[in-house]
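Labels for the chains are A, B and C, by order of writing; each one numbers its residues from 1.
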């Protein structure tokens, strides 16, 4: 378990020193939010219905741009081969990358949530605990899918770009569930259906993390 | 008493990419304490063979054994392998010392910090310990790559083109280094284009031609004869 | 023709005959539905292909796991054939469902839980087949397919349970005339038989291509050897 932490620490230190991925992720998120904001010249009630979906689409697109590159640093100077030669279960590496990507997504949301609030005037903070729950579950699921697919993409090298197109359909259930749940928070409708969506988010997070843990060693082969 | 298991043994090792066969039914044995040189033109499959030996690439058929144990069966057995590739395998954002400490921790080495300092001393980079990999010369990069590969003192050392891009001084140092490792009982396998260095360093030399290994014998400088291995 | 081939052909012919009977039952035997008229008959095909779209994915995911465990390309032949046929049936599900919805709901498409989940399933099929098509090395193709297939299988329970978990418009086992029920059953069985036969045929084709490639590779290896 220590090793999960060592890899995570290495990744975070490298990212904070080089600032290669996160700033561009945040910028992309802000741009997407702005484009959505421009389109949202609507009545308050209509905004309430839209804001969840737009928020999560912005998180998805900006976040995937970051997650896609979470292994590209390993590709430089063939660090990837060095990582694969360590006598540790590669599933632990999946956990490090997964946690790192979840942190990246959370950082993105810290910027995007206030921004969407400012642009749409929809009060998202009426139910902070529920919003936090939905956001965390959504992040965990999204980053698990993203991490596994970007590992696959890295393992096939140049042909990997196409693979990132697969993430969208695979992650759609998570995005949909998170968007619907966020919409219900915005509309102040925390009924049984809301909790269904939360359950779905939880189920997908658990499934994707399990699948990722089990299949990661196969995903990073050459 | 049974004979000691060879450090590396391949059984009918084959690898092909799509329709292109790269390695065909190779049987290679490297006992501990032996240094094997691999020659071959560009694209002959030297790197692929080395990657198969390190379990980085899964062979299409056949198998690789380290000390009698099937390679890559258990993650723990990867501890037996140290490898220097074309590239240095150090993270450009971390300093040389941080890179070695990270690798030592991942290998579960006791006291990673002092091991890193010790290695930096060994490869003569102690003065540049806090430099970033991009700030140092090619020769020094090769040294840090070697230190990175030796961090867990592996009994098997694989080197891919270790002499490429080194000046006379650098390659002399590397020859001495590899020589002393071999004498300590490490099994070494390296690829090279340089006949003179290969002849000087290796106990056994093979050439990879047409997906097969041929044993090479030297008769005087640059005069060699091949025989099917 | 060997006995085995003849048996295979006989299976195929009887599957096709079975489907013909089923379609005839759907078109002529089953009673006409009162509110929708003849359009409702598309339902018999719709339910059958929807079931097969799910089956195809399940076969794909299981053979993906099979490949990852054994690294035997035989599993990948199953994967590819199930993937292709599953993609077709899953696409047909959306098409026939759309026709039905146009009559029943007055709209071609509705963003309703089960429809959305089925659409996502079809997209995943598309993505997996596309990515696999872009790769040359058979083992790489099989490995990538296996991992993606297992991940995509998470959508299967969603398609099945969508109507139960979330209120939607999609009907769930409505009351039916017994004759309609029998027709539906016959249709599902007949299409499943045809599907199974097509999968095995396609798999055989892929296996032949594989042995052809193996043969070529051996020949190239021999030639290289004799040249040197």
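Note that a residue touches a chain if its C-beta (ideal position, glycine included) is under 8 Å from a C-beta of that chain, and two chains touch if they have at least 3 such contacts.
On a predicted model such as this, the values are computed, not experimentally measured, just so you know.
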Chain pair, A-B or B-C, that carries the greater number of C-beta contacts: A-B
Chain located farthest away, centre of subunit C as origin (C-alpha): B
Central chain (distance from its CA mean to the mean of all protein CA atoms): A
Where subunit A and subunit C are represented by their mean Cα positions, the distance between them in whole Å: 31
Interchain centroid distance [CA atoms averaged], subunit A/subunit B, Å: 39
Whole-Å gap separating subunit B and subunit C, where each centre is the average of the chain's CA atoms: 48
Of all residues in subunit B, the ones touching two or more other chains: 58
Residues within subunit A bordering two or more other chains: 221
Subunit C contact footprint on subunit A (complex, rising order): 145, 148-149, 152, 156, 159, 162-163, 165-166, 168-170, 172-173, 176, 193, 196, 200, 204, 207-208, 211, 215, 218-219, 221
Residues of subunit A that touch subunit B when the two form their complex: 2-3, 6-7, 10, 13-15, 17-18, 73, 76-79, 81-82, 84-90, 221-222
Residue ranges of subunit B touching subunit A (in the complex, touch as defined): 51, 54-58, 75-79, 81, 83, 85-94, 98, 102-103, 105-108, 133, 148, 152
Contact set on subunit C toward subunit A in their complex: 68, 116-117, 120, 123-124, 126-128, 130-131, 134-135, 140, 143-144, 146-148, 150-152, 154-155, 158, 165-167
Residue ranges of subunit B in contact with subunit C within the complex: 16-21, 24, 58, 60, 209-212
